[in-house]
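Note that the chains take the letters A, B, C, D, E and F in the order they are written out, and that residue 1 is the start of every chain.
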Amino acid sequence: MIYITRRERFTAAHRLFIAEYSDEKNLEVFGKCSNPNWHGHNYQMFVTVKGEINPDTGFLINLIDLKNLIRRKIIAKVDHKNLNIEVDFLTDKFTSTEVIAIAIWEELEEEIKKMGALLHCVKISETENNSVEYYGK
Amino acid sequence: MIYITRRERFTAAHRLFIAEYSDEKNLEVFGKCSNPNWHGHNYQMFVTVKGEINPDTGFLINLIDLKNLIRRKIIAKVDHKNLNIEVDFLTDKFTSTEVIAIAIWEELEEEIKKMGALLHCVKISETENNSVEYYGK
Amino acid sequence: MIYITRRERFTAAHRLFIAEYSDEKNLEVFGKCSNPNWHGHNYQMFVTVKGEINPDTGFLINLIDLKNLIRRKIIAKVDHKNLNIEVDFLTDKFTSTEVIAIAIWEELEEEIKKMGALLHCVKISETENNSVEYYGK
Amino acid sequence: MIYITRRERFTAAHRLFIAEYSDEKNLEVFGKCSNPNWHGHNYQMFVTVKGEINPDTGFLINLIDLKNLIRRKIIAKVDHKNLNIEVDFLTDKFTSTEVIAIAIWEELEEEIKKMGALLHCVKISETENNSVEYYGK
Amino acid sequence: MIYITRRERFTAAHRLFIAEYSDEKNLEVFGKCSNPNWHGHNYQMFVTVKGEINPDTGFLINLIDLKNLIRRKIIAKVDHKNLNIEVDFLTDKFTSTEVIAIAIWEELEEEIKKMGALLHCVKISETENNSVEYYGK
Amino acid sequence: MIYITRRERFTAAHRLFIAEYSDEKNLEVFGKCSNPNWHGHNYQMFVTVKGEINPDTGFLINLIDLKNLIRRKIIAKVDHKNLNIEVDFLTDKFTSTEVIAIAIWEELEEEIKKMGALLHCVKISETENNSVEYYGK
């Protein structure tokens, strides 16, 4: 079993809030992350896939194909976007890094299986100090 | 003459656009950076000051004072904010990295002079690939 | 299950030595790390917690609370300190990165449980080339 | 159980290709990585070992010994070399990052056992975007 | 006057040698960098341009245009290539980082002038420890 | 004129204080950096030299020679040392990053001249947020 990780980056605006809460309550719970006028990040996404090496190619997976998949399914939808209101797979979701990581996992899992590998981990870093990892259910 | 650089970070939403342009024209000129729903960045700011070492302290400037100045005058106003609509020193300005660097220079220049040093450079990096430096007029 | 990592930094002096050894023996076993006049590092600490996402907040844990906990329990005690002689939870301990990681785990484990999450890993990097991870017993 | 990671670096030339394929077929499958005139990388290698802390030294393993082992067994053979034609443990192998990681594992596993620890992971990063991890069979 | 820096990356093989020297002499002067079987690097290139901000756009230069120029004139020619034998603007040149930086400057200087800015600096980093800057004659 | 930068690293203990001050006064002026029990850093040193390229070698300076010079004159004296009490060229000096940069400049300037280049800049970074540059008188 070998593990391969591809890093991709995107920049996006977002806001942490719960619609049922008042602005004051949101500010109390989520701090400055709840700013109604949005803030944003340079997100880094690390997608790790695993599997056996293909004896014909010496690859587990063609990294060019993996890069193209991530760009088509994820980057094209989130880069230079507002995560709360413009991303189909985040509709009506809370945009914490945790929720983003799980939603991206769900977008990629089946597609990677079709490529002959298994999705192992989606890691999202929001700042140089904060990151989240999801390994599936 | 010695040069000291302090790095501070902030995350913010912004959008590149000219009010007189249509959305189409803005999209043509500024690309995805013109998204009307905003996007955002983890900005890094490098403030470089210069001067002679104080023979009493061995410091050019007390770095704690410099850090506090930058946080009070800049970070408190831009961190987790929307640069286009919430920052007093960017009001009615275009929020390119170039313009942000110059505006921050103007906020800091006099204050640093009062601390006994000269502002030498404001460098802003918007992504790991793009940055801007301003050295004053 | 989701994993969240918070990075915090501290700078400290330390020395590797065994009290029963002579300076020569310590030098032989621990090399320049045994310098009796100390040396020091910019340590990076990565604290990873795990658990289920709280359906009310969309968070596993409030990152602000986690940051404050780490700063109160660890950073306040080790930053700008001598690890061998000033840190209560390292008293009489050998200050290898291994031992530091385990000692920090023991300081944090119960407190993180009270916050509704489980401590998963304490990673300490001593230099850009050396790091240690501890996942508990 | 504690985990210790040592980073070492090497620069090398290589090429991805299968001898039975034509240059056109190699180009089709491996893209610009198949350039017959070679290309190269600054590889980073992260070797993680695991085990119990030695109560006499407070170390799992003497990091100086681990560094020297990695340099003698790996770095001396691959640094400033052509991975396809000059490295004994890669002879007749395909030089994907996957294959390199496995081959390095096999060079190190027994030697680390002799030092009283177990090899846990060999991670190789080829660029800032691509990396591979191998944990043994 | 404002300064804007764009980072681009390329991986390439090369070798340091003087054709008139024997392999032994090359090895003596250039060390392992003279390996006749090549080695390689992940190069980083930082192109800095300077000028006045365009009052119509708030930009000194459109970064998308600058990126495209660098990719068309430089990256397309050097990425995944052998610098000694495949790059038109390095033909018959010695491929030290110094020479590469100057050659790239000469490829870009006029083109950037046409875009309404001045080339200020070409910086090439070969490893995390070594880099070169060229500011023109 | 071309500029070449070599990065070297060292770890050291130090303390900011003025002997004539009481511990309280030192604490007031220098904060936690005045801890009488020391603290420490992973310092990074960037030495930039400048000059004309040697037409015989294509180098400004042999980087191996520059590395060896820096290691012999500086690293051997400061690495894993206490900067306040063990370094000959810092004797009786205040160990702010400013003073360290100037002292290292003075150690290197003449030696680099003998190698046929000019010392341009000594940059010392103390943490990821603080650094100092010195360009000579």
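Things worth noting here:
As a convention for this text, a contact is a pair of C-beta atoms (placed from the backbone, for glycine too) under 8 Å apart; a residue touches a chain by one contact, two chains touch by 3 or more.
Everything quoted here is computed from the prediction, not taken from an experiment.
Annotation: the A-C interface is duplicated by C-D among the options C-D, C-F or D-E, judged by over half of the residue-numbered contact pairs being identical.
Of all residue numbers that take part in the contact between chain C and chain F, over half occur on both sides, making this a same-residue interface. Computed centre separation for the pair chain A/chain D is 29 angstrom, with centres defined by C-alpha atoms.
One simple way to say how far apart two chains are is to compare their mean CA positions; for chain A and chain F this gives 42 Å. Residues of chain F in contact with at least two other chains: 128.
Listed by label, the pairs of touching chains are A-B, A-C, A-D, B-E, B-F, C-D, C-F, D-E, E-F.
Across the complex, chain F is touched by residues 9, 11-14, 32-33, 35, 37-42, 79-82, 85-86, 127-128 of chain C.
By the touch rule above, chain E contacts chain F in their complex via residues 16, 18, 29, 31, 93-94, 96-99, 101-102, 128-135.
Contacts from chain D toward chain C in the complex involve residues 1-8, 48, 53, 56-60, 62-64.
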